[in-house]
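One structure coming up, written as structure tokens, with questions to follow.
Chain lettering (A, B, C, D and E) follows the sequence in which the chains are written, and residue indices restart at 1 in each chain.
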Amino acid sequence: MSEKPLLSVRGLTTEFTTPEGKIARALEDVSFDVMHGQTIGLVGESGSGKTTTLMSLMRLLPAGGRITAGRVMFNDTNLLSLTEREMRDYRWKSMAIVFQGAMNALNPVMKVGDQIHEAIMLHNLMDEDAAEKRVRDLLEMVGIARTRRDQYPHQYSGGMRQRAMIAMALACAPDLLFADEPTTALDVMIQAQVLQLLKEIQKALGLAIVLVTHDLGVVAEVCDSVVVMYGGKVAEYGTADHIYNEAQHPYTQKLLEAFPDVTKPGDTLASIPGTPPRLTNLPPGCRFEPRCHVKVAKCSQVNPPLLEVSPKHYVSCILREGAEADLR
Amino acid sequence: MARRDYLLGKFGIALLTLLFVLLLDFILFRVLPGDPIRAVIGRNVRISAEVQESLRAQFGLDKPVFPDQFVDTLGQWAQGNLGVSWSQRKPVSEILISKLWNTLLLIGLGQLLSIVLGAILGLLAGWKRKTPFDVGALTFSLIAWATPTFWLGIILLVAGSTWFGLPTGGIVSPENVGKPLHTVIPDVARHLILPTLTFTILYLGEYMLIMRSSILEVLSEDYILTARAKGMSHFQVLTKHGLRNAMLPMVTIIALNLGFTVSGAIYIETVFSYDGLGNLVQTALVKQDYPLLQGAFLLLAVSVIIANMLADFLYTYLDPRVKAN
Amino acid sequence: MGEHWTLFLRNIQEFWRTFRQNKLGMVGGFLVLVATLTAIFAPALTSYDASEIIRDSNNRALTFAPPSVHGILGTDDAGHDVWSQLVYGARISLVVGFMAGFIAMFVGSALGIVAGYFGGKIDSLIMRITDVLLVIPDLPLMLVLVATIRQMELKISPLVVLIIVIGLLYWTSTARLIRSQVLTVKERQFVARARAIGAGHWHIIRKHILPQLMPLIVTNTVLILSTAILIESGLAFLGLGDPTRPSWGTMLNFAFDRSAISNGAWWFYLPPGIAILWVSLGCILLGNVLEEMLNPRLTAHHLEGEAGMIAIAEAESKG
Amino acid sequence: MKIRYNFLVLVTLLALILSACGGGAQATQAPTDAPATGGEPAVLKIGWLGEPDTLNPAYAFLTEAYAVFDLVYSPLVTEDASGNYVGALAKEWSTSDDGLTWTFTLKDGVKWHNGEALTADQVAWAINAIMADPDGWAALSGYVGGFSEVTAPDDKTVQIVTEYPIANMEYRLSFLYAVYPPDFESFTTPEDLQNFTNDKPIGTGRFILNTFDKDTGVILLDANKDYVDGAPIIDQVIYQKFDSADAMIQALKVGDIDLLSDVPASAFETVKGFEGVTAVAFDGRSFDELIINDVSEDNDPAPTGNPALKDPAVRLALETAMNRQDIIDIVLQGQGTPGDTIVPPTLGGGFWHNPNIKTPEFSIEKANQILEDAGYVKGADGVREKDGVRLEFRLQFDVDSSNYPRIADLLADWYSQIGIKATPEGVNSDTLIAATTGVGDYDLVIWGWGADPDPDFILSIMVTDQFVIGGWSDAGYHNPEYDQLYLDQQAAVNKEERQEIIYKMQDMVYNDRPYIVLYYSNYLQAYRSDRFTNFIESPLGLDDDASLAQAKPVQ
Amino acid sequence: MTQTPMLEVRGLFKYFPVHQALLGSLTRRAHSSVKAVDDVSFALGHGEVLAVVGESGCGKTTIARTLIGLETPTNGEIVFDGKAVGARAKQPHISLKQLRQRAQMIFQDPYESLNPRATIFEIVAEPLVVHGMIKDRRERIAAVKSALEDAGLRPAEDYFMRYPHELSGGQRQRVVIASAMVLQPELLIADEPVSMLDVSIRAEILNLLRDLRQRRGISIVFITHDLSTVAYFADRIAVMYLGRIVEIGPAREVLKSPQHPYTKALISVAPVPNPRLRRERVILQGETPNPINLPTGCRFHPRCPVAIDICKVNDPQLIELSAGHQAACLLLTK
């Protein structure tokens, strides 16, 4: 890796204590890098640990959750060694987040403009008037009329709320933007609009984006590199081209085959039988082993590490063994 | 537009309720057996037939029940003429007005304290969920909720008068009646301690519970996560985003609670011989003074209806969503 | 069907397993159970009749005797054994409370279901009535009603009057709650699916709506019971109980009217209050626990969960 | 007054909220109560559970009103602690030989509270006013029955001429207060007079009314320094109304109140034990009774009472099955005497009470036997019945008293053991009056009377004529012989002769049992003896005019 | 067409009155309404799969619900197997109840469309109970068993006494399908049956449906917002915009050569799972207008990238472009 990454995640492991007192390993040994100005996609099915990864990075895990191992280097700082007070400075100013359901992510009793304004003032970035100007600029930038600053979230449509959320995320000019399923609840056309907006913003501001989604199509559309997650682990990690055209992990392969393609009508779709593992009761070997169509006996015993199969292409599958040492 | 519709709707309900109360009050009064005039005539009173007739006319008893008597009665009520108390032989409205302020003082003070304290403690309990503080607050609330109002009053009366020498009843010491204000206020305050305390303890628990569950609900909303992601401290999140949203159910409950507050006043005023409407209601009940009882019911119901309207009005200011629908 | 029986047992077992873990719920259940058993086995628990006058060696009525002089809880102003009164009072208080509570629950649930399910004019009508009843201050309304009904010389027992008035005034919150729940359930897809299959209203209500409501109804009933018992005691305290069949509220009424406080007869005015508190707290605990079991959604919120993170931070800074 | 008070409430609220007590910003006019002597004025605070219905003697019926009248107004003569009549306004008086003319000489130097001197004309006017307008002066007109003329031959003399000899003249006069004529002259109709509240009464009494605050039920009375027989020692008397006996007792205990005019029997023992408090019990003049519907079938409207109540055997059973001592022990906490006749043993120092009447021993078995013998057979539900008439009675009581519910309970319990079903029901006194006087719409009623010092009044409640709306009779007792004896005793100027008649009347009433007298209750009072002393302990009460006159603060 | 179509929809309208406040309803002022379905006609052959595609609010779900009688049409006619549906229709007709024996619906959310308090057996057997069919217990068990096994849940007995929450999403949707198939219907109306499922499971369900259709020859109306799924599954596609069908035709033809500008845009923004195939996208600006106040003329004109003046005035009708391929655009008539 020649260039120094903006965010480097290594061996991130997060556990939850369920209300029943069981331990669920939500993330295990998650590693990836986010380069400056790059978009990285985190894809996986529900329960694969995508959102937990984001929350761990922001250090906003819900009750019962804790990071038990790993390192998260933001530039030269390990975010995991900061105190909560120090961490607060990083939030929004260095890394902002756009949540899935923008209806619920905006405070219903506060004017949209005020919510953006609040974010700016919280970090003492500028004076009141300048902040006010910035609020309107930001709204305009995401395609919302300046006059709608004083409206409440319920007066916005779904797409507008997501835009407003993006505007708010940009309020403190962060270096890194997390987008957690930003388009999931939206119609295809609005989805396309929002994705386009994200692309434009990235081009204009040069920030790095971590896009979390279950939609392989969305990832293919906007991401430079992709992390495929399964059962709380990274199954495969590489450039978008690697993942879509030279997928090495059986899971990735199947997932791609299962994805219907509008350009190829009439194709047969593949499906993956079975269900994802329960995080409280993980198999001893490979997480995907029970559903894998190419498994061998060893798969049920060995938990495969993440190995580099070709430059910048990492796979966690025992069948790819013999490749280089794992990503550390 | 939508807000106007909302308020008009609420106003409609209020009118409907008012009509219902009036009709109920009227029917109940007529449903009583016997001739009310008979009972007005006291044990030692030798009242002439003419006087009886005039009383009968005043009560509208010489006309058909509906609609004449109803219309007459409504007219009388509208003029503030709620009939004559049987036990006190004074106009009911006069008696009611003289007690109203005392009750407002007690309820106002009790509500203010319990709402403010309840909101604060509930907020803290919800925030620090499952901590000893929360468990303590919860236990207190549940017990306060389960305690009969009047019994708590009795216990506090015994404890307060025995251990702290606090007055056990009334609103002002006899020697202070008619004295200048600066002498009276501390005395009235002393008399208010126990009833207000009872009031506060009872409603504090309830408001605390509501605030707690309300803030728990709010804190699990995504916009709280947004606020935290913005880099706000817990305290900032709680006060800037949590409180106002959590206050919304509180306002609704407080409005709905007004009726129960009146119940509380009846019990507490009875126990502490506090000279207000509640005590009056109890006395009227014991003395079977129906004009007084029904007049008091009318006044209390109308007050609550009005207060409810005000709460609805306030709500539209607190929750912008109502404005839009 | 044998399977159904096993399924039922399985459900009960599962319920019990979850319930058992909840300490507060167990306490609530215990409180209610003890009170109910006391009421049922009242004669076995007492050596005196509730109206029997206790006498001293001179055959004079023994009034306001402290526990040290007579029995477990002494005597009241009329020389009755307070313990016996308390135990027999449980019957009255619980019967009135439970009957009123069940009436309220039944009326509220039925109206709530009808309003929510059928909607339209009937819904508007029912909801307007609840709106109206919710606004009117409850106690004054009840006092006026009870006092008037009694004055009408209808030859109804005062206790029945209490039951009816409480029952018929306290259904509103249940109706609202049930209605809103029905509205939610009605919109759920399995109801639409049932309609799409061709199921009739009765089938849908019985098979799809009611089962979803049952937990709510049970919870609500338990909470309503607590309210009903408190209301009964309050009305009795204000003198609207049946003096010949004293409930706990009636006992307190006598205690308050007959100077038990001045006499320092704590054994007379403390126990009935504690008994009311006992049952109503039991119901509330039970109700809250049931609610929690049915609605486990709020297991955590966004301002919790800091400890683990700090632990790691400390570990990191040390290592 | 009212407006100021409301304002006070608001200000208090504000003050409490802001917890900043400005105080005195709105100084209202304080009543002038400058102490006559140096130092702290001596204020005696009396707690009671009632308040005067009005301060207008024409239309006041509650005893609380008369307690105030006695302090503010003076009649010609008044009763003293030993039951004798002494002059109040009158220095001395005499009767003509035929007993028809009474001549009173007034004391010298009597002044109204406004400083004017009292004249005999004014006294005569006050009595004449009652005679002229009995409807208006409803409360007092009963006391001028048989008066034909009242005149003031000179400034110091009042002369009363009657139609027939009146045996209890002094007693009657003790209620005829000398009211200040200018206050009462202007009323033209009885209603106008009755509506007059007389909030600032001007009298000649030992105390001057300062304030009667109807909102709080507080009455302030200042000592009349110019009182003809000398000013009282204390400076002010305050009556404070309480709604709950417990609160009142607690107030005495902590010293907020100095004197309780009526201690509930149930708390008497407790009060006795208070430190610095002296509790006193006097034999009272009141009794409580069980009224049995005795109204004649010929009455219009016809009575609704159960016909079985007419049966003397049933009445005897009702009395035999009641344990009077239990009632006294439970309801009065022992503070009372078992009752028999309607004339309490305290009247005239016991002179009028017939001691020869013996009540039956309490016995459930005997009561059962009486009913059995009379042919009442127990039905399946345990209620006796004869000729289709079930022994099932309403047992009503006045809700104003906290004693009656307990008595009703006890009676219902005993009666249930002899096959009589009595259903207790609390009724307000007005309704009870409407149901009893002149009507007879009841079966059994528990109620009570307070007797006057003279037996005349209490005997009158059994007179047939009194059974009319607004009359005294509630049992509907109708016995021509009794009615005649009543007239005879009024005219019997000879005391022994009158006693004999009255004994006979008591015998009649007792044996016919329109009333079963339950008990004569003691008059219970208490005061802070660490603060005040020198009260007169008499059946008139510690707060009687004469007693308050000599009461003095403890130094 | 030689054969009577399985289903024919003629001039279907469905307007929903807008909810008014209490006083509004008292004054009875003119109600505005949501024009959810606004003059829609189409036909469906035996054994055919018609996909109805559109964004949320275009009226596709309302059509589905109207077809099965969950909504009463404001106007128009639904003809099932040659017979009009509903008692008020002219002869010959079939009742709603009869229709529901022969047509079944599958809902979007497998988590939601199963009664959480009913066992799988009860759920699958419910249509039999409701229609009073197969009263014999043993036969009923057999019918449920075969339905479950047809839906790929084997051994069926293992599922009888389980509750929905014990099943995975895919299994639940299979239960839904089993319940729909237990009456052996001829028509299936599937409202977004896979949109709530994870990608890996989606294919199973689609394959199952496809399989059922091939074996049983049932017709399917397939409602979806996802063109990609349609491409895989449907014989014909109807594209809806604001309560209207704007284009309808054979699936391949519509996808390969869309004619309506809206269809073109929709296809262009459909995500393609390959970064090498990133295409030029036609992203429409703004959002779908409120169906209460429809635009004048062509309802698509405010967002149409190729709109001309006349589009603001004239409301285009569907015109036949090739066999069975129709589109409603004024530009096509020129």
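Quick note on the criterion: a residue touches a chain if its C-beta (ideal position, glycine included) is under 8 Å from a C-beta of that chain, and two chains touch if they have at least 3 such contacts.
None of the values given here were measured: they were computed from a predicted structure.
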| item | value |
| --- | --- |
| Shared chain contacts [chain B and chain D, defined touch] | C |
| Farthest chain (mean CA position) relative to chain A | D |
| Chain C-chain D separation of Cα centroids, rounded to whole Å | 47 |
| Whole-Å gap separating chain B and chain C, where each centre is the average of the chain's CA atoms | 23 |
| Averaged-CA centre spacing for the pair chain E and chain D, given as whole angstrom | 90 |
| For chain A paired with chain D, centre-to-centre distance based on mean C-alpha positions, whole Å | 90 |
| Per-residue overlap in chain D, given as positions that touch at least 2 other chains | 244, 246, 250, 399, 426 |
| Residues of chain B whose C-beta touches two or more other chains | 13, 157, 221, 225, 228, 270-271, 286, 288 |
| Sequence positions of chain A contacting 2 or more other chains | 60 |
| Sites on chain E touched by chain C in the complex | 65, 68-70, 96-97, 100-101, 104-105, 107-109, 112-119, 126-127, 129-131, 160-161, 176, 179 |
| For the chain D and chain B complex, residues of the former touching the latter | 2, 5-6, 8-13, 15-17, 21-28, 30-31, 43, 45, 53, 61, 134-135, 138-139, 141, 190-191, 211, 213-218, 220, 238-240, 242-244, 246-248, 250-251, 253-254, 256-257, 399-400, 426-431, 433-434, 437, 469-470 |
| Chain E partner contacts - residues on chain C that touch it in the complex | 3, 6-7, 188-190, 192-200, 203, 207-208, 211-212 |
| Sites on chain C touched by chain B in the complex | 128, 131-132, 134-141, 143-145, 147-148, 151-153, 226, 230, 233-234, 237-240, 249, 252, 255-256, 261, 266, 269-270, 272-273, 276-277, 280-281, 283-285, 288, 297-298, 300-304 |
| Touch list for chain B against partner chain C, complex | 13-14, 16-17, 20-21, 24-25, 28, 31-33, 126-127, 129, 142-143, 145-152, 154-155, 157-158, 213, 216-217, 219-221, 224-225, 228, 234, 237-238, 256, 258-260, 262-263, 266-267, 270-271, 281-282, 285-286, 288, 290, 293-294, 296-297, 300-301, 304-305, 308 |
